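Structures for review follow.
You will see chain A twice below: alongside chain B first, and alongside chain C after that.
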Partner chain A sequence: MKHKILEIINEIRESNSLPTLDFITEENRLREDLGLTSFDLAELTVRIEDETDIDIFDDGLITTVGQIYQKLNI
Partner chain B sequence: MALFLKDSTGEYSYDNLLTSINGSDGYCQNLQTDSLYSFFLNLIVALVHNRPATLLDSDLSLEEISIIDESTINKRDKIDNKVFNSIEEVINEIWKSSSKITIFTSGTTGQPKNVVHTIETLSRNVKKHTGHTNDIWGFAFNPTHMAGLQVFFQALSNLNPIINLFEESREKIFGLITSNNITHISATPTFYRLLLPIEMSFPTVKRISFGGEKSDRKLYDKICGMFPMAKVTNIYASTEAGTLFSSKGDCFVIPESISDKIKVDDDELLIHQSLLGISDNFIIEKEYYHSGDLIEWVDEKNGVFRFKSRKNELINVGGYKVNPHETEEAISNLPGVQQVIVYHKENSVIGNVLCADIVKNPNTEISTIEIKKILKQKLQDFKVPRVINFVNSLSITRTGKVKRK
Partner chain C sequence: MRDYSFINYINLDKETIEKIRIARNHPDIRKVMYNKNEISKEEHIGFINNLEKSHDKAYWYILKGDRPIGVVNLVDIDSQKECAEWGFYILPDQKNSGKFIELLTAVFQFMFEILGFKSLYGFTNVRNIEVLILNEYFGATFGEKKSLNGEDFIQHETIGEDFLKNKDAIGNLRNFLLFLHRKKMKGKKFIKESNRI
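== the complex of A and B ==
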C-alpha cells in the first residue's frame, strides 16, 4: 500500500509537471515538501478511498505522509 | 504609516500606495498579474480615473474567455496624472467613481460570462466607521472574485491592513494570524477545512465569515473552537449581485432595505434587476433574475431562510463554481475522445471533487496524466477533473441525454 501511495503522489506530481520521486518518507509534508495543492489533496483522498474505503481527511487535516500511514494502519 | 498590504513579496504601507497612485501615468484595462499589490493598485487607479477595468484571474487562459482580445492583455493605456494629498482623498474619489468593472462568472452554458459592476454594487455592504479602525484582515479569497473584492473595499475604506493568506500553507497561515494579530477573516469553507484539526486557538480573531459554498454544521462548530472569541457569520455574495445577505449561524436574513427586491418562487431565490450588475447574459423575467439557488424559509415573516441546493448544474469545487459543460467541451476537443461526461463526488477536503468518464476511440493511446496535463494548459486548475476514468460507454437516460451522476 505504501508503494501505491507513492504511485498516486507521483501521478499527481506528473500531471502538475513536477518530477516524480523515487521514495517518500514519513516526515514529508504533503504541501510544503511534496508540492500538493488543496485540489491535489482532494484527489489524493479520493484515490486512497477507492483503494481502501477510508477517507483519510474525514476528521480533519492530514499534513504528513506518516499521518496517512497511521490513518490506514500500514 | 499604516500597513496596507503584506504578502510573500513584501510589505506595502498606505504611504507607498499613495505614492504609487500619484506616480501612475498609465493603467491596464485588462491586467493579468500574480502580484496582489499590482492588481489592487491598477484597480484603484482605474476607479479614480473613471476608467473601465476587467478583472482577470492570473491563471485564466484566453481559450476560456474568448471575448478578450489577446493583444489588449497587460496593454498599458496612458492617463493624465492625478495627484492626491492623502489616501482619504483617494478613497472619496473611489466612492464617486463611474468606472465599469467587469468580472467573470461561471455561466450555465459554455464559457465564463462577463458581468459589469459599478462601485455601488461592488461595495454595497462595506461598513465604514470608527469601530472598524483597528481591524486587521486576513485575505483568503481570489482577488478577482466578488468575495475578495468585498474584503478589499471593506479594508481599504477603513484603512485596515490586509494580510494575504490566500493559497498559503496551514503552518504559514497560523504564523501570519498570530504575528499580525489578525482580527477578521472571510473565506470559503474549504479554506477553514484545511486549517483543521484544531491544534491551537486564535483569540485575536474577532470575526469569521464563511462564504462561497455551503457550509456544514460540523465544520462550523470546529471553527468556533479554533477562534473562540470570534463572531461567526455567513455571507451570501454572488458575482451577479455582490453581497446581499449575511447572518449568524447557518441561516440568512434579508435586510429590510432590500426586502421588496427579493422574491421566492418555487423555492428559488429571485433577485430584482436593480440589485444586479449589467450583463447580456442575465435572463431577466418580469424584472427578476433567477439565481438558481433553492432555499427554505425558517421564519418567512422576518425574512429568515436557509440554502438547500442549486437548481442548475454548476458544481462547487472548493468555493469555485465549475460549469461541467465547459470542462466537457474542452475534453471533447482532445484527439481520440468520443464522448465525455463530467460530474462530481463529495469530498472532505474541497466539498466536491470533479470527475470525468471518457469513451476513447479504440486506437487512441492517451493516458489520464496526459489528458490532465493538456487540460491544465487550457483551463484553470479547479476546472480540471481530478478523477478520470476510461469507460466503454456512458449511461444514457431515457430521454436520450447522457446521464450526469
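== the complex of A and C ==
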C-alpha cells in the first residue's frame, strides 16, 4: 500500500509538471516537501478513498505522509 | 451542512475572539485581505463591539463539530435586494483539511437556504487562482476588475437559486475534481494551440 501512495503522489506531481520521486518518508510534509496544493490534497483524498474506502481527512488534518500511513494502519 | 455550525461573532466569548484575531493576523490570511495591517487587540474588540450595532455587516465563526475551521462574513448587506458582499477564509491551521468543497457548500447553504440571500458577490485578488477556480466551480459569474493598494481584484457573483438547484452535485468532491481535470485539459489545449500560431 505504501508503494500505491507513492504512485498516487507521483501521478499528482506529474500532472503539475513536478518531477516524480523515487521514495517518500513518513516525515515528508504534503505541502511543503511534496509540493501538493489544496486541490492536490482533494485529489489525494479521493484517490486513496478509491483504493481503501477510507477518507483520510474524515476527522481532521493530515500534514505528513506518516499521518496518512497511520490513518490507513500501514 | 451536516456537522457545521455558524456562530455570529457577537455571541463569541473573549477567548475565541482573541483566537480569531491571532488567525486574522497570520501572514497567509493577511496577504489576501484588503487591509493587510496587523490588527491590535483594541482594534479587534472595537470592531466586534461595532458589529453589535451594525445592520449591514455580520461575521460568523465556522465549526465542524467542535473544530474551528474558518470565518465567513457579509458586508454591505442590502436587505431589500437580499444581496451582500461576502468574504471567507479557512483558519491557517486547518488548511490541510482537504474538505474545502464540503465547507464552501455548507457556507453557501447557510447563506442561501438558512439566511435567504438571493445573491452574493465578492472580490478576489486576481493572483489567487485557486479561489477564482473555486468560485467558478460554485457557479459564479465574473465581472469588473478593481484596483486597491496596487493590487487587482475581480468581482464575482453567485446566484442562490442556481446554487440551490445544483447543491448536491456541487458538494460532491469528485465532481469538483472532474471540473478541475476538464479545466486543466482546456488549459493544455489552449497552450498547444497558442504554440502553433
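A few remarks follow.
Going forward, the second predicted complex is superposed on the first by the 74 of 74 C-alpha atoms of A that agree within 3 Å, B and C clash if a C-alpha of one lies under 4 Å from a C-alpha of the other, contacts with A are read in each partner's own complex, and residues count from 1 in each chain.
In this text, a residue touches a chain if its C-beta (ideal position, glycine included) is under 8 Å from a C-beta of that chain, and two chains touch if they have at least 3 such contacts.
Since the model is a prediction, treat every value here as computed from it, not as a measurement.
Annotation: superposed three-chain arrangement on chain A; chain B versus chain C shows a clash.
Looking at the shared chain after the overlay, A:Phe57 reaches both chain B and chain C. Once chain A of one complex is fitted onto chain A of the other, the partner contacts of A:Glu27 are absent, as it touches neither chain B nor chain C.
Look at A:Glu14: by the touch rule set out above, it reaches chain B but stays clear of chain C. In the superposed model, A:Ala42 lies in contact with both chain B and chain C.
Contacts of chain A with chain B, set against its contacts with chain C after fitting on chain A, overlap at residues 15, 31, 37-39, 41-43, 45-46, 57, 60-61, 63. Chain B contributes residues 167, 169-171, 190, 193-198, 222, 317-318, 345, 347-350, 353, 368-369, 372-373, 376, 381-382, 386-387 to its touches with chain A in the complex.
The touching residues of chain C, counted against chain A in their complex, run 67, 93-101, 130, 133, 173-174, 176-177, 180, 184.
Chain contact summary for the complex, chain A toward chain B: residues 11, 14-17, 31-32, 37-43, 45-47, 55, 57-61, 63. The part of chain A that touches chain C in the complex is made up of residues 15, 30-31, 37-39, 41-46, 56-57, 60-63.
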